[in-house]
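In order of appearance the chains are A, B, C, D and E, and numbering begins at 1 in each one.
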Amino acid sequence: MQKVIETLLIGLTTGSIYALMSLALVLVWRSTRVINFAQAGQAMFATYIGFEISSRSGIFWLGLLFAIVGGALLGAGVDYFFMRVLFKHANTGPAAVVAPVIATLGLLGLIRSVVGLTWGGEFKTIEAPASTDGYTIGSTTIPFSALNALIIITVSIILIGLALLFQRTNLGLALRASAYAPEIAKLAGIRTAQTRTIGWAIAGGVGGVAGMLVTSNNFLSPYSLDLLLVFGFIAAVIGGLESMVGAVIGALVLGIGLTFILNYVGTSLVFIGGFTVLILVLLIKPDGIMAKGKGRRA
Amino acid sequence: MSGLAVTRLNVSHGAIHALHDITFSVEPGQLAAVIGSNGAGKTTLLRTLSGLKDASSGAAQWENREMLGVKPEDLVRRGISHVSEGKSVIPELTVKENLVLGGIWRGDKADTAQAIEEVVELFPRLGERMSQSADTLSGGERQMLAIGRALVSRPKLLLLDEPSLGLAPLVIEQIFQTVDHLRHKLGLTVVLVEQNAMSALEIADIGIIINLGHVVATGKAKELIDDPALRAAYLGY
Amino acid sequence: NAETGVSASEIKLGITLPLTGAASPGYNKIGDAMNAYFKYVNDNGGVYGRKVTLIQKNDEYSPQLSIAKTNELILKDKVFALVGPLGTANFTAVHKSVGIARRGVPSLFLNTGFSGFGNKKDFPTSFTILPSYAMEAKIAALFLKENFAGKKLGLVYQNDEFGIDALSAFRNAGVKFDVSIPYTSGTQSAATAQTWVSQLAAGGAQVVLFFGVTSATAPLLAVAAGAKYAPQWILGSVGSDPLTLRALGVPVAVLNGALTLAGNPSPNDLNDEYIKVFQDINKKYNTGVAFDDYVLQGMNVGLMTVQALRAAGQNLTRRGLVRAMENKGSTFASVAYSPLAYSKTSNIGHTGYYMAVMDATGDRKPYGGSVVLYTTDSGNGPVVKSTFKRPAIPAKGLPTNS
Amino acid sequence: MRKKIAFFILLGWALLIIGDRVDELRVYQGAQIAMYTIALASIVLLTGYSGQVSLGNGAMMAVGGYSAALTLNNLQTPIWFAFLMAILVSACFGSLLGAAAARLSGPYLAGTTLALAVGLPAIANQFSFLGGEPGLLFDVGFPPERFGEEFTQYKWFFWIASVIALLALFITSNILQSRFGRTWRAIRGNSLAAELAGIHSSRMKVLAFTISSALAGLAGAVLAMTISLVAPGAYSLTLSFALVTGAVLAGVSSLPGVVLGGAILVAIPEIADALAGRFGNADSLNNYLPGLITSVLLILSVIYTPNGPGENLRKHLRKKHAH
Amino acid sequence: MADQATVLSVHNLSVNFGGLKALNSVNLELRKGEVLGLIGPNGAGKTTVFNALCGIVTPASGTLALNGKEVDWLKPHQLARKGIARTLQGVGLFPDLTVSDNVMIGAHRFAESGLIRAALGTNTRDENLLREKAQSALERVYVGSVSDRRADTLSYPDTKRVAIARALVAEPDILLLDEPAGGLGAQDIEWLNSLINNLKQRTSIIIVEHHMDVVMSVCDRIYVLNFGEIIASGTPHEVKNNEAVIQAYLGAHSKEKK
């Protein structure tokens, strides 16, 4: 029983971090209809900024702030200097579906090289903002620390904030409209280009938070967020790319599922485990767990 | 003049020269019907006027200010609303959200709510479907929604591209009445593109007949209807 | 002289290694360290007047790239020999596809502990340098029996040739683990490490052996510290570089008292003559790079390469180099304490380890105060306490052998 | 049809002659290009024609590679049989996966196949008969003696790979030009209309997946041959991404483009290395510049020739025509 | 008329979307060689009737009979084999295929060679057959000259013609046309009228249309739907003067026009 509870607790933390990445992916998907594989790169870059600031000032929160702002600026920059050009050129033909995916993969490589050139390939660590010592209940120490609690609280706050933004505000509506039908949105008076840039900026900021939180529990290198990207994406798909709540649920399902596999089966099955979870969910609900019914076809 | 003035407008789609030296003007508060067969260039004209398409030469002014080269979202701020061809609604949003969208740029929630109520009064069917996602609507319901969304923007110049397409006769009649009504009540200037030439000209002040990208006739709507030569050549009956 | 890669003024050597990518941290320092050493030698007259140059190619640890890059090295850059290539799957693939043996290309000092490369028949022109993983496990097994009999044992191992080699050696030695956790190579997350810790703790393991790379050791130790789980740690030679571990956020307190298998002296041990010389070279020729186990390994491969080249004589040929390794390789000076087993019938380098213990500064010292070296082979041979005396480093670190 | 056969024979002849004239490194690269060509054809068929975006072609290649290696190593069969097994096993696997995939749309499919690409190679670590991390040897043996002393191993690889690639391209191009190719494009354009026209769209999608997987599996076996090994590291996510990249650069819906795509994939690292060499020897620069250059090349080409250079050429010609 | 055989009949068809009753116990009967009109206000359920017939929506209840024999509800891809073809309310061409390829898709049921022959390239005869059939269908709707153009470069009326050609090439016994006149100009509408009149020699047709001129001139009988229920049926004349239909659909205005 204790093992089950411990597994759940670990899975919960893992899942919350996946959730941040999958939220960032869903945000970009919802505001641009692009699966942004560069998200890992952007988050990593933002985290390096956060790393510089927090290691120099010794204040994690200052680093986090800079990571959020840096991530947001980078996200906005990627959209402004990059995606806009891309959409101007690559908007027709069969490539229109894959081109953005490829472009973001290229961007991931680019950011990674720039980071490598700037900071080198060595591992960096960020001092955790809260104790990593597990809470002790009676005589047993559980694998759940103040840092884990902090991560879960942060994720919840971000999720609630974003949900309110998207469902309750005009900006949220404008974001969705610009993504689904830019032309109609323009005719409704929405500055779609700016709106989408805002979407990218928000996602970039969320990515920065994800990077900082992951790194405060682990280490940072030009490659350290890759796995997070893969699992974040799988989580987003499980949740149904349209839904932010779905992204979080998907991430928790995946995080907890994988942790059980880790704890009860073994690491070598983790990846296959992830795949199995995904296939199982999608076979039952092809558009993710939060999918609404299919729209009419004719 | 302070209405809409289009002078020697030329527009191309790549190698296809779609509009040649189009010139016409619409007084404020007037309703202009643009008539022409398929491929005449009517849609191209409206898309150019709303900023979706670039012109290759010419000028177009609304309230004495140039419209060409201005982005669609800025033209909306100058009171120009375009209901594009083919049920331009966003299927992924609910009916309500589609309507709210039209009011976002003004940033006045109360007034948007008011405008939506007016639209629902006009199209009660939309009222019943408010929280349904727009992709469940039938073809005709979507057309109503598209017009409704444009009205929520509280336009001064309304560009309508074939609003009757796919609508039931009763509704078409209703829409034409509505357009007529809006124009009188709100002083809207309307450019109405229609294949349904008769009905359009009946409520129009002026008519502009386009063929193969050229204006072949303009004039008072009543006069156009009565011109037997035009009737035979372009109006189809 | 018509031999490929050798001219009157130059000897061209090549290496493939992960310079970027998930596997690169640490290993990406080896090539530069070798280069630094070669520059030092070149500035002091080179090898019989020839400059030694090393071409590094990045294979990102992918076998396919290793082959492509090795092909470039051999067919385009026309290097004379490969020195210090990394990665087991990588070199297996390279050896077969490129036809290293068939082409007679010497591949010296493979930086992997895979015991399979010790097969002289299949790898006639290749020579290993590290003791194999199997040797390491056999030595660890003896140590466990002698020091921790009756304790509950745990094992975490990388589920590839690295860990599996070790696992079968433990089994042969009759060591049974109460908790045994295999994991897949690659970057390990804190969450993964948490599941290890909770399994180890649940199984009550009092002594835990770890056979994996540093990027996996680090989260394990860090998480264990958080969970207040403190068994006796025994770290394999691969994943135990203290500098790297500390850079990865492992608290020094956890390292204090952890045991580790080691072949080389601590890179901080300035009493060691090799370390002193190498540190000086590093300061001058590899400026700004911290001197750790990886740099030490690179320098040492450089030192051994130069000795091998000298031993092959003025009239340098590939066959001559292989012959020199067979005939004289066992006499080369090397920083590691154990003997080298090169001979006409063996292409195996070092053969032994000693147990070291980390202290509160994260440095490593011989367990029990002085180096107690064990040697063995990868097969069924016994583990024996060795009395081997390591040769002294050539004066100023410049070999004069022939 | 005759013309096409003649063209392919001529092409084979030309390859034979070229293979004789260039040095060994180029011959090896030629074999790699042939391998990529097959793999890219599988993407063109799947993504360019049937409109299903897969990021997991590396996994499919792994299935083919491992089946071929297991056949060759355990049954001591002739090489051609090993390749045949690669095709069959990966086709079976593909049809299973396709059955699941047919229900998924766009990004969901991309996500699933990505997960597969990450997950599948790790299976090798789970079962010892798959050889774990170091993998299994895949040895097609030396060239037959009658080819003479001069005939190198790489030339042998090149021959085998080229013949297989030519056959694969011939068959693929026939299928794509037949009603099957047409049907896939129709489903991609408007699946509802296609169904109403009598097409069983999910069955056709599964078929596309099956054939595409067969091709990918074949490519995986050829890859295994050129590197003499099957190992998880050889079928990494990087490979999957490289393939998608190559497909886009070559034009996803153009079959002839795949040869160019293959050439680009082989050339990019070399070009990047060469360029990096020019920027001097700063170490970190040397390490990251190739990656930087590759990414920039990739980004530029996606932006400026999103449907492959062929499409740009065609557009250019069309414009000229119109004037 | 009564002696004509019934080729398709629908009994008690109901379709629900969540709480919405889109169709409520609809009964329909299509007789051989007739043109049946299906009209009604927007959202009345006309397209839904087609969708149910084509297996795009699942009926909550109801039965289907073809040529007097009761059958299971069809799946979309089975229509062609049962001799039913449908056009879509949008146009539904395959944009990046040529016109000829678009129509050939409709003719696939005549193809005989399988994958293996396609792979070996020995399917030439088949391909030629399909191409010929497509060409003659295109010529029937007067767009034979554009067969090599990509479908998305056509003018709107031409796309509608090609869509009809794609339906016709399958040589259907039953043709379902969803708003074929929508967006067409007067001349094209005239042509459409004559085409439909020609077709009904061998094909039975159901047409959904808001263009009253077309409906009134081509239909033999008309059903009027409103809120998912049939509120009237009969000859065009009867329907046009039905008070309920005028109220719900036609509007008072229509009476004055011819």
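We adopt the following convention: a residue touches a chain if its C-beta (ideal position, glycine included) is under 8 Å from a C-beta of that chain, and two chains touch if they have at least 3 such contacts.
As the structure is a computational prediction, the values presented were derived from the model and not from experiment.
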Set of chains whose contacts include both chain C and chain A: D
Going only through chains that touch each other, what is the minimum step count from chain B to chain C? 2
Which chain has its C-alpha centroid farthest away from the centroid of chain A? E
Could you compare the number of C-beta pairs in contact for C-D with that for A-D and name the larger? A-D
Taking the mean of the C-alpha atoms as each chain's centre, how many Å separate chain B from chain E? 30
Can you check how far apart chain A and chain B are, centre to centre, with Cα atoms defining each centre and the answer in Å? 42
Can you give the whole-Å distance between the Cα centres of chain B and chain D? 51
Where chain A touches two or more other chains at once, by residue number: 93-94, 116, 121, 268, 270-271, 296-298
Find every residue in chain C that makes contact with two or more other chains and list them. 19-20, 28, 159, 184
Among chain B residues, those touching two or more other chains are 136
Under the definition above, what is the set of chain D residues touching chain C in their complex? 23-25, 28, 32, 122, 125, 132-135, 137, 139, 153, 223, 226-229, 231, 233-234, 236, 238-239, 269-270, 283, 286-288, 290-291
Listed in rising order, chain E residues that touch chain D in their complex are 54, 56, 75-81, 85-86, 88, 92-97, 101-102, 104-106, 108-109, 111, 113, 115, 118-124, 126-127, 130, 166, 170
Counting only contacts in the complex, chain E reaches chain B at residues 17, 39-44, 47, 89, 155-157, 179, 182-188, 210, 212, 248-251, 253-254
Residues of chain B defined as touching chain E within the complex: 37-39, 125, 136-141, 143-144, 162, 165-174, 195, 235-237
Residue numbers on chain D that touch chain A, as the complex places them: 47-48, 51, 53, 55, 100, 103-108, 110-112, 114-116, 118-120, 122-123, 125-126, 188, 192, 237, 241, 244-245, 247-248, 251-253, 284-285, 287-289, 291-292, 294-296, 298-299, 302-304, 306-308, 311
